[in-house]
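Notes follow the structure.
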Amino acid sequence: MHAAAKKIRMGFVGGGEGSFIARAHRQAAGIDGRFELVCGAFSRDPQNNQRTGAALGLAAERCYDDWQTLLESEARLPAEQRMQLLIIVTPNHLHAPIARQALSAGFHVFSEKPAALNLAEVQALHSVVISSQRIYGLAHTYLGYAMVWQARDMVASGVLGRVRKVIVEYPQGWLSTDVAGQGNKQAGWRDDPTQSGIGGCIGDIGTHAFSLAEFVAGQSIQFISAMLGSHVEGRQLDDDVAMLFKMTEGASGVLLASQVCAGEENPLKIRVYGDKGGLEWHQEEPASLIHRPLNEPMRILRSGVGQPWLCAAASQRMRLPAGHPEGYLEAMANLYGGLAEAILQGADDHQAPGVPGIETGLRGMAFIETAIANHRGNAKWSEIPAQLTGAANHEQ
Amino acid sequence: MHAAAKKIRMGFVGGGEGSFIARAHRQAAGIDGRFELVCGAFSRDPQNNQRTGAALGLAAERCYDDWQTLLESEARLPAEQRMQLLIIVTPNHLHAPIARQALSAGFHVFSEKPAALNLAEVQALHSVVISSQRIYGLAHTYLGYAMVWQARDMVASGVLGRVRKVIVEYPQGWLSTDVAGQGNKQAGWRDDPTQSGIGGCIGDIGTHAFSLAEFVAGQSIQFISAMLGSHVEGRQLDDDVAMLFKMTEGASGVLLASQVCAGEENPLKIRVYGDKGGLEWHQEEPASLIHRPLNEPMRILRSGVGQPWLCAAASQRMRLPAGHPEGYLEAMANLYGGLAEAILQGADDHQAPGVPGIETGLRGMAFIETAIANHRGNAKWSEIPAQLTGAANHEQ
Amino acid sequence: MHAAAKKIRMGFVGGGEGSFIARAHRQAAGIDGRFELVCGAFSRDPQNNQRTGAALGLAAERCYDDWQTLLESEARLPAEQRMQLLIIVTPNHLHAPIARQALSAGFHVFSEKPAALNLAEVQALHSVVISSQRIYGLAHTYLGYAMVWQARDMVASGVLGRVRKVIVEYPQGWLSTDVAGQGNKQAGWRDDPTQSGIGGCIGDIGTHAFSLAEFVAGQSIQFISAMLGSHVEGRQLDDDVAMLFKMTEGASGVLLASQVCAGEENPLKIRVYGDKGGLEWHQEEPASLIHRPLNEPMRILRSGVGQPWLCAAASQRMRLPAGHPEGYLEAMANLYGGLAEAILQGADDHQAPGVPGIETGLRGMAFIETAIANHRGNAKWSEIPAQLTGAANHEQ
Amino acid sequence: MHAAAKKIRMGFVGGGEGSFIARAHRQAAGIDGRFELVCGAFSRDPQNNQRTGAALGLAAERCYDDWQTLLESEARLPAEQRMQLLIIVTPNHLHAPIARQALSAGFHVFSEKPAALNLAEVQALHSVVISSQRIYGLAHTYLGYAMVWQARDMVASGVLGRVRKVIVEYPQGWLSTDVAGQGNKQAGWRDDPTQSGIGGCIGDIGTHAFSLAEFVAGQSIQFISAMLGSHVEGRQLDDDVAMLFKMTEGASGVLLASQVCAGEENPLKIRVYGDKGGLEWHQEEPASLIHRPLNEPMRILRSGVGQPWLCAAASQRMRLPAGHPEGYLEAMANLYGGLAEAILQGADDHQAPGVPGIETGLRGMAFIETAIANHRGNAKWSEIPAQLTGAANHEQ
């Protein structure tokens, strides 16, 4: 007799009506059927909170007024009923306070990025993560794509030779006009430093480009020279960033991120060149990984279950045969898969396999602070603090 | 106080270990969180059946030995616990027998295509569907894509003017060699007429091309002239089909479907041309709909929540902002969404809104039989039986 | 001391002001600098004729009133001054009469296609070509593209294994409205059977698709089943064609050609599939040849001087390094290069190496007549006359 | 009676056997038939020189031993026979000395870029150009593409609104290995500072990216922050460059140029974003200009004679109908067309309409020197000398 698989009980803080990202988390978690939603504190508006919970099938008593109540109440429930994993999808300034308290109360955490509002706060959170022995994951969703792992594997196994150049870009256009002033809530809190932190575009998407570059190249960005800009009247934070960088193993490159590239959607893209060839991947066409071996025809490695050219890490992140597109939700589902594995195995490490964690959070925040300081100063190059550079190589 | 949303209870026939399509159904149903799996008869192999159920978190007593037992046992359960929707993912020859009995027992049905093994059997099933007043859906997944609805809407609203040409193609390559002989189960039963019916490629994917053409063009294919082929030694059924066709409203076109186009993945593609412009859509890049207005620059309509150019039917089939790829599972999830709507609203019609139903099954089977007869005979043109041609315009 | 290279003296019949194709011929011939224009009878309008000649730098006395005068006058000139090659760029009905007389008078001929108005006339011309021992070339320009030769070479050398499927399409849109009625001269004579022959679209571009399919596949199209259409009121000839076909070595396929695919430009495209892989080439992106080897990643073979994967025939048709686009004029220049080689070497064969000749003309006309007869009749399949099928393999 | 058009008599310095660029110049000049080659000093190797001249049909007496002899001898010929335009296709260090002397002797000049080896030398040349009243053109071939002019026109006419971002990139891969050491002559002299100047990649292709950015954006690059690199052992000059920049009218951007992006061909690409939309153009697919208007579907403007959306400057640079690819040679032929117009009209200005001239040379050299100085120093930003910034807006 086989024991029936149990689902992991998860709760949400944030994600009331109209939240795109919370819905995406629930959809992603739903794909592989390993989670069930058991509680939430979705909104500070009690009506919104209750409506959201009801629509999601939650019992009213597990739809809590605020996150403190959620943590306290769930902690008192029997272990068999109690929430196991807390998903944090609030504005940025709440990420760290909630995460710290949840971890301390014994819950696993999966948090939207950034990990916190500034580097000191991430460092404090880091200590809590380490001591809690709970899983802490950070929703760097793009690192969940199968072909990103394929690219990383090909670099690591030497297919490109020695890496020389890394070009990563993320030119969005949705903040080309004053959408915050026109009532867009997502744009609104993102431009409020008390909720968003000191970085605008650089924090929102620059960190995605940064973590992707380090993840694929397998080396850390050490020195950067940055230019930030803000292009709409009344906007407080940056909406555009470009920088030159040098990496720890000798590669150099360029990072672009912008939210005023009018007309662009979400074209995160990375190119890596070594002395034996190059790789190119576009998030908007995630099934294709372009490989240009030196002096041979370019090849397009396509994803799909059973494709013989895929590495193990890529293969296990695919669900469908070639030609059946998988996308953003499936990439996020891969992160949820890593969380599920770690939780079910009772791992006492804080790091779920294949899921970006607190080290990625440290790196990202150091990147933001260093870039903004460099932009404001006169020095050409600034170094991302050395004690934090160990994290570019995420464990698998 | 808001009542908590209830999930729809679903069961599976078929889909033991290794079944791609059953897993895809479960993943698709999981995305929007409106279904819960409550029972199954996954495999005739008892071990496989129990293992599958256990892995899916089912209680052993609702993991039934065969589909007859499943139907009988579920029917005896209290209404609050009883399965509501049966998903049929068996080989083709079982689709109709199971569907007939499930409908008669009062269950809603969502069946893999084809609806049955031959036209007579689909007609018999059609009668049962009508009299049962239960929902019957057919997994023509490609009709769940948002941009397919956008294309259909643009044709219907006259953006292309009078439709003249429809070119639909579906060239796969996975049967280029004797994969059935090499142990591929999917390929094996598909080439066994007792399990698959008289059509090979034409039934498996030709019907997808056919239903897509009628759906988007908004008119029926009336006359066809077909050529079928079989290219691998020992293969019993066709692996390749091409045909010319004429439609009821005056358009003409070409339909290609093949499983021996070596190296191709799943590039279902449709082009429609009218006197005012043309449209083009590729399943492998489903977010883009190419529109070529006469004497104006070509435009690429991109999908995404909130894109102002999308029709209502397309918009409601999107989950993510532009540039966040959605794919095959999300298209199938759209069909599950239609099923959920219909079931929750207690619709007494057999047709779930936006979900292909038994009429699509009738059309598809008439198409298969007409094409094969035409291929074998000497007549240039054969007519798809007229009494069945009402179904090209799926209700929304 | 090296003798200075002499340029080949060429003359034109047709190509007065406003002729696109005549200008393209002169531009193509100019690229490699092996020809000089010495005479012409450009227009039956004497003013237009003289203006055209003057603009091209011709002396007035070699700008003749009509083609008969041109042939007679040039024949009387000393060999050192006399035209060597006549370019025929008139409407279709004049191609054969002029070519016959020019060949008989000892001139080499490069004619726009079709070779003549009907099959009997091509056969008569064929006899003259053979007996004249002069070069006769036909401007099937698309057979001048380097990557078409690369595709042909890969098929011939077995890279694809046994060829099973050939899909060739040529969907233009420029005749979607009554452009002839609106004064477009090119469209006007093309729709006049006395100038154009019995075929409209099938003759104008269907023959390009046909010759490309035979050229690349290395086998002849033997049986066809065709559907033609005409979509604009008052139009006399077909503007749209689709057909199924079977080839001499067992491959089957589909040919599409249309001039009412609104919004399309000039996307001639061919796909060939064998049991070991597939190839795909698009005229609008001529530098890329897509190769899909079975069970290996797809590859994009790019053209360019020195690319190590190119066959000799492709390499010698390139002028620029990879990434420097070559296009239609360069493809036509490759045909001029073949003519130059043949003329300079004093070849007594009628066939210039790499240049489609009278056999291609015979095949094309047999194709047109067979397709139209099939379309009008009740038979499913019609055979292209067997005695003409030797020409599918153009000599290199 | 119309007077016969005379061809412009041109001569070459440089371009012996094996020179790609000289052959490209001759092919480009040949397309529109407005030039005839009358003399040359092709190589310092007398055998090579004579063979080249003979192969090109030159009389031996106009195939000169060196460029000094060429200039002297041609100057003594009667005006009706004398060379009018000198094409300079030597290694870089000879560009300025030859150009100066040729202009002084009354010849028009079309020079490969760069104009000279350093800024002082360009300034000296600039004086000679001004005083000579002869045409001086610089082969910035990419500024000859029709769709580059279309892009420039759309920016200038406000289609994008206020320009905010310019991203220009030119990642080649051909110097990924030590091809100079392996005998590649083109690579060899390019890495010799005495022949090439102080810039490697930045001079060879960085200047193309630079001039394209200024040309399309219609504003000048004022401040730059640059990083250069050299990646192959023994290489003397840079093979890779990246920089941030700020423009005179408020736009900022990034410029990338590299010759060690292994596997890349020649993908010069520019993107420009304003507050109303964005534009994107790729040299390897030059017929398409992507336009992303804010809040409207993206559009692809395609080139071709008669396309109603093209501006006059783009239209007059097209030869063929849409879908008939034009490429690099046609872009260069557009520069030759501008030279021909200017020479035939006896313009006493030194600037041929639509042809980059000495001002572009000044800008390019100031760019090279500023970038290298910035790279070597500690300052974050360096300014391209202000007195030279007037040239970003090329006259049409």
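Residue numbering begins at 1 within each chain, and the chains themselves are lettered A, B, C and D in the order written.
Please note the rule applied: a residue touches a chain if its C-beta (ideal position, glycine included) is under 8 Å from a C-beta of that chain, and two chains touch if they have at least 3 such contacts.
None of these values were measured; they are calculated from a predicted model.
Asks: Can you give the shortest number of steps from subunit B to subunit D, where adjacent chains in the path must touch?
Replies: Minimal hop count between subunit B and subunit D: 1.
Asks: Sharing more than half its contact pairs with A-B, counted by residue number, which one of C-D, A-C or B-D qualifies?
Replies: Checking each pair in C-D, A-C or B-D, only one repeats A-B, namely C-D.
Asks: Taking each chain's centre as its mean C-alpha position, how far apart are subunit A and subunit C in Å?
Replies: Subunit A and subunit C have C-alpha centres separated by 56 Å.
Asks: Using the average of all C-alpha atoms in each chain as its centre, how far is it in Å between subunit B and subunit C?
Replies: Chain centres of subunit B and subunit C, defined by C-alpha means, are spaced 44 Å apart.
Asks: Taking each chain's centre as the mean of its CA atoms, how far is subunit C from subunit D in angstrom?
Replies: Roughly 35 Å separates the two chain centres.
Asks: Among the residues of subunit A, pick out those that touch two or more other chains and give their numbers.
Replies: In subunit A, 264, 291, 298, 302 touch at least two other chains.
Asks: Based on the touch definition given at the start, go ahead and assign the chain network to line, ring, star, complete or other.
Replies: Complete.
Asks: With touch defined as at the start, can you tell me which subunit A residues reach subunit B in the complex?
Replies: 1-7, 20, 23-24, 26-27, 30-33, 37, 50-51, 53-60, 172, 174, 264-267, 283-287, 302, 304-305, 319-330
Asks: Note which residues of subunit D are touching subunit A in the complex, please.
Replies: Per the stated touch rule, the residues are 160-161, 164-165, 167, 169, 171, 173, 176-177, 225, 227, 229, 231, 240, 242-244, 246, 252-254, 256, 258, 260-264, 271, 273-278, 291-294, 298, 378-380.
Asks: Report the residues of subunit D in contact with subunit B in the complex, numbered from low to high.
Replies: 291, 295-302, 308-309
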